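Let me begin by handing over the structure; questions about it come next.
When the chains are written out, they are named A, B, C and D in that same order, and each has its own residue count from 1.
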Amino acid sequence: MFQFPKWMNGLKSALAVGLLAGPAYAVVVVLYGFSPQATDVGYQPVQPIPYSHALHVGKLGIDCRYCHTTVEDAAHAAVPPTQTCMNCHSQIQGRDDRQTANIKKIIDSHTTGKPVHWIRVHDAADFVYFNHAAHINRGVGCVSCHGRVDQMEVVYQQEHLSMQWCLDCHRNPGPHLRPPEFVTKMDWAPDRDPARLASDLAEQYQINPSTDCSTCHR
Amino acid sequence: MASHGHTIDIFSETRRFERTCPSALIAAVIGVAALAAGFVMKPGGADLRQFMNSYLLAYLFVLSISLGCLFFVLIQHVVAAGWSVVVRRLAEQIAGAMPLMALLVIPIVVFRTELYPWLNPTDEMKHLVEHKRPYLNDTFFIIRVAAYFAVWTLLSRGFLSASLRQDANGDAAISTRLRTLAAPSLILYGVTVSFAAVDFMKALSPMWFSTIFGVYWFAGCALSGFGFLALVAMWVQGSGKLTRAITKEHYHDLGKLMFAFVVFWTYIAFSQYMLIWYANIPEETRWYLVRQSGDWWQVSLALLLGHFCIPFVLFISRHPKRSKATLFIFAVWVLLMHWLDLFYLTRPPEAPEGLLAGTGGGIPLHLLDALCIVGVGGLFWAWVASALARHSLVPERDPWLKESLAFENY
Amino acid sequence: MASIVHDRDNTIETPGRRAPLVTGGHDLHGVTEVVCRVAESRSAPGAWYLTMGVSAALLAALGAMIGYLFFEGVGVWGLNNPVGWGFDITNFVFWVGIGHAGTLISAILYLFRQKWRTGINRFAEAMTIFAVMCAGLFPGIHIGRVWLAFYLFPLPNQMAMWPNFRSPLLWDVFAVGTYFTVSLLFWYMGLIPDLATLRDRAKTKLSAFLYGLFSMGWTGSARHWHRYERAYLILAALSTPLVLSVHSVVSFDFATSVLPGWHTTIFPPYFVAGAIFSGFAMVVMLAIPCRALFGLKDLITLRHLDNMNKVILATGLMVGYAYTTEFFVAWYSGSAWELFAFKARAMGPWWWSYWIMFSCNVFVPQIFWFRWARTSIPVMLVVSVLVNVGMWFERFVIIVTSLSTDFLPSAWDTYWPTWVEAWTMAGSFGLFFFMFGLFCKFLPMVAISEVKAVLPHDAHAGGAGGHGH
Amino acid sequence: MSASTVTQKSTAGPATAPHTLVAEFASADALVRACEQVRNAGYTRWDAHSPYPVHGIDRAIGIRATRLPVLIFLCGATGTTIGVLLQWWTNAVNAGVQFPWVPTFLQGYNFIISGKPYWSFPANIPVIFELTILLSAFGAFFGMLALNGLPQHYNPLLRLDRFRRVTDDRFFISIGLDDPKYGSATRRLLEGAGAAAVEIADDVKESAPPRWFLRAHVMLACFLLIPLAVIAYMRVDKQSQPRIHIVQDMDNQERYTAGKQMANDVFADGRSARPKIAGTLAREDFTQDPHYYQGRVGDQWATGIPMYHPELQRLAGGAAEVNEQLMRRGRDRYAIFCSHCHGLDGAGAGRVATYVVQREIGFVPPKSYADPDVLVRPVGHLFNTITNGIRTMAPHGDQIPVADRWAIVAYVKALQRAQAATIEDVPTEQRSRMTQPK
């Protein structure tokens, strides 16, 4: 009749290791594989017109708010209408064919009235309420969530935008605070003890972020 | 049933007392004296109300022991248990004190206005008491109390006398009949005990209600009954009787039952507390609010620790249940805790205002509490001891006796 | 050695002599034969194929219904305000309750040294496991977005969110999950020696491999038995408070609320009693055909059925006690809503379901006061079915009547299940009977080694089913 | 059955060696009696086997009570501890504040539901209880297996056909041949004790897993590395496609929102933010206040900042006059909207202007504010220029709110003034700083 081979008795320890390592493996795969760090971060859509933030912000020093005008007053930071591009590009039409062709798309949009279909990069889920104004006016810099846009030739998502990531800051906002006049300054660094500054700013602007569910899910 | 020659010939050892038991007489004298002293002298400036409070507490304590043993007898019969026969007579005799308990309830009925607010409702409770009038009225109260004691006396004396009859004629059919009777008896028992809990204890706070309350009291009854039974078995053996019939196997089982009911009581008490705490409805919460305000908080905590945590941890292992010395401690402990439980159920004031403000006085322990427990307990012991002395200490010719003697926990 | 199967009345016990638990004069080998031949036979009774066919069809229906539910959303059920729980939670509570009898038989009766449990504990435990599977299904699918069910478990996640441990619904997850796990362990542990028996009798390589794999090399060593029995005893001692806690926690789902008809302190023990009540009825319902079909009448005797019927009677009385107490205290409380809730149950729009519940659960089992009824197969079959119907309606009454008429008359509304709910419920029965059918055919339905230990063969009998602790 | 002594027939297969002496008994009684004899003879490496636990065998063999209960108790205590800590940590501790070094996904979360305190002990009891039971049960089951050395699928005893009846109706004693007491007397002892048969079970000498078994596991291990590699890559790469969103939940709802500024099929031009309809006026365009909204007073450009307007007063911190606060606001807005062309000093050499002029892309740089033409322009004209543009300068009215435009105008006037400033314009206490040589 059937006999189990003797070596099977030696698998006991292997089985024990497998029983412990298996769940650990699953945890690693789920925690790291399904994390927004893996699935969301690095999203870099190809825009219909290769607009370079590195040029316009980094090199030319145009303030974020020149285009994203509503950011201080509204929940969302508006993507500029073609009109805003035309402020300059009615005159500036490019030096070479490639540039001219791209700028022509802007001009076409302006003349025909058809919008440029910019692709949204930073898109929080619809069940999350995020208010740009509330953050900008109390000294949370653009760079905290969007990264060094002034260095991005093509903008990509640099932060998680996950709930955990939001909570990180809502629980401990200090490291992300700066005087509100510097919110758009990409390379701002505190000029004195950061901890002191953080607590001063938190006190001055009464920053005591809520982690209640209804703060964001309303 | 397996037998390894462990069967003990109980007829070769003492299984009866002499005709009289001196401790019964002494207990009776002390009991009467204590009660009389308490009632007449009212020490410490007490009034009749204080006396009745203390009397009720002592009375319910003793009653619950007796009822617990009645439950023990009934349940052993209904499942045709073999192991318990050597201690069943003791339980039958403890339960058999019911006529005495019926006698002792008279002061409670006579002085009921001192105890039960629904007889004399305050303005706050008037409309509710009015609603409950069909149940909470004088006549019906007396009828019910009479009915309880009629049932309990009938059951306890009936089962005792049938068992004694079997001693005389050795008729195995008696066992069969008792087993058949035990089932409906348990129904009667359950109903009467539940409503007695309402009448004697829940009605102390006529505005409060809880559906589980009857079960709560039942759990305490069974626990204290088993504890007392273990103590009586030890006392009997200490007097040189049944020394070989009752073994550590039986003590082990009694210990397991006590342990089980410690847990059961906790389960019931927790269920009641949890649901009331969680739902937080004012009319229910008030009862617990009183009991966790001021110094009463310490009583609640003592119950949690003493009625559950400490015995649970100390007696979960089999060893302390198999040693007479540690089981003695266990039994005394559960009796103490049951007394504290009854104190906690009956004594806190109905009106919580002072308590909630933090100005409510301490725990109203009184010298009378001690006098009453000595009084009622003394009379009870007098009855039990003298009853034990009159008859054999085991059901000598019970068909299951052999199994009980050979009983061994695995 | 296996003798002719016949019903022998071993229900009468002469005081002083325990009635035999195994009839037919089987010796050790006889017991082995009776149990093992079911698993070893190449065919099965026709009724088994029929049962498997019907339940497989229902199981397929269950799959279809759940798929449809996931695809369309919970709107395909008849739930709406104010009745947010309907068939789903009714079935959940019903199935969890069914499961309780298995643990009661395997653990509580073990602690009470009731040797007769050995005949029925194995398949009662199997019933527990399958019933809990059915039960776990319903809360799982009723949340609508099942793929988020992991929210119920305290797992680290990217939302940094943890479950709200103060919620009774979360206690359910822990209670039912623990219950399932521990029941499975308990059941499997009991199976190990019996799987070894099947291994040692195996005729084919495949069965020798499979039974051998799961019996883990059991050789009946005395040293192994020693630890095994201690572990078994402690598992029983753990399962006992566990089984009480499970239905208590299920009752907390209702009783922690303030809804009249839900919030009452007797719910925990009352739910446990009701669970055991319905579970025993289910065991009887399953035992009757199984013992007849698979020739187990010598091991699952009339005495077993008689005893179970007594438990049904006892727990039925407890349930009746709870119904009555609820009514009395609803009146005694003086609370208008409480009183209304109970009046509405008995005389409101769902009066019929209340009275089905009451008559099936309280009146019907009263017939078990008579010995002839307790030993009559047709009577107990009818009663056990009715009790299960009654207990299903108990949950329905509790959930639907209380929800549909709560504090605010303007919010009152009725509830009627859709066909999807009805087929989901039928499908859960399919799942249950399908699993149970597989178990009956391929695993030892009776705990062989435990029955052997209570056979009156010699002085050294005893052990697992015997002396308790 | 007579007491026969047969050695296991060697079958074709691996080499074997005698391993264990096995004696069969017909009843549990016989087994217990024999065990007592074997024990008394001083054997140590031996065991008894039976189809069910035989009562009294522990004593007969001399098995000491197992430590399993202690192990189970410890497991249970661990469960209790986990139950308490888990609920305390996840529900009752604001971990992020107190323990910032703990990774966020391991931090607890405080929220109040149904008015229960964060740490509600009665409500925590069920979970503590269940975890205690669960871990105790694990302790009981796995502890039993571990102490028994199970699973042990291969056992020399199972090679004996006779021994297979141990799970049916026979009782056995097995004595290892390596028992120090083992000898020729052993067999006699067992036969004397009533053994129905005595046999020797052989053990397989060598046994190694087959190649395919090992290879399969190595391959499995390699396959398991693939997901890890993919994850590692996903965590550093950039992708142009949005993540695969199998279950939408409510992440993206099918609706047009201003915030999304999405394309809209409803309109032919595809815009969801609608432009003004021709021939209509926006609310703010319809006004009785041309001074504030258009910079005109009558037919003339306004010459004063309309500080009577509440919006402007708000920017000025409530003052009805141009003050420092308004100027600061103007400076900020100027920096945002004007400076990249006009330059921070208004000289017309902003970074954009410089950049494009240097590259000769065809761009008319702005005039300096100090240009005499510009200097004489009234504020209303400047306001109008910002709003509607002038020459090649595009209108900025859509980007800048009205009051901010006035603030910019005020600041531009200040810049112009600065171009023509003398030392007298500097406050006396500051003058020394300006005159001092660097």
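Assume a contact is a pair of C-beta atoms (placed from the backbone, for glycine too) under 8 Å apart; a residue touches a chain by one contact, two chains touch by 3 or more.
Model, not experiment: these values are computed from the prediction.
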Report task. Determine which two chains are connected by the greatest number of contacting C-beta pairs. Result -> C-D
Report summary line: Most remote chain w.r.t. Chain B, using mean C-alpha positions, is A
Report task. Indicate, using Cα centroids, the chain positioned nearest the centre of all protein chains shown. Result -> C
**Report entry** Distance between the centres, which are taken as Cα means, of chain D and chain C, whole angstrom
**Finding:** 39
Requested in this report: Quick one: report the Å distance separating chain A from chain D, using the average Cα coordinate of each chain.
Outcome: 17
Report summary line: So, in whole Å, the Cα centroid of chain B is separated from that of chain D by 57
Query raised in the report: How far is the middle of chain A from the middle of chain C, if each middle is the mean of its Cα atoms, in Å?
Result: 53
Query raised in the report: Could you say which residues in chain A touch two or more other chains, in rising order?
Result: 1, 4, 9, 31, 35, 164, 167
**Report entry** Multi-partner residues of chain D (each touching 2 or more other chains)
**Finding:** 55-56, 69, 104-105, 107, 109, 111, 116, 123, 151-154, 158, 164, 249
Query - Multi-partner residues of chain C (at least 2 other chains) - result: 156-158, 160-161, 168, 212, 217, 229, 241, 252, 459, 461-463, 466-467
Query - Contact pairs between chains, per stated definition - result: A-C, A-D, B-C, B-D, C-D
Requested in this report: Write out the stretch or stretches of chain D touching chain B in their complex.
Outcome: 55-56, 69, 115-116, 122-123, 125
Report task. Mind listing the chain B positions that touch chain D in their complex? Result -> 2, 4, 270, 273-274, 277-278, 280, 317, 410
Query raised in the report: In their complex, what parts of chain D are in touch with chain A?
Result: 94, 96-97, 100, 104-105, 107, 109-111, 151-154, 158-159, 161, 164, 203-204, 207-209, 224, 227-228, 230-231, 234-243, 249-253, 258-261, 263, 269-271, 273, 275, 332, 335-337, 340-341, 351-352, 355-356, 359, 361-364, 392, 394, 396, 398-400
Query raised in the report: Hey, which residues of chain C end up touching chain B in the complex?
Result: 13-18, 112-113, 168, 229, 241, 244, 248, 252, 255-258, 263-269, 314, 317, 321-322, 325-326, 329, 332-335, 369, 459, 461-463, 466-469
Report summary line: So, in the complex, the side of chain B touching chain C is made of residues 1-4, 79-80, 83, 127-128, 131-132, 135, 172, 175-176, 183, 187, 190-191, 194, 198, 209-215, 256, 263, 267-268, 271-272, 274-276, 278-281, 283, 318, 398-400, 402-403, 408-410
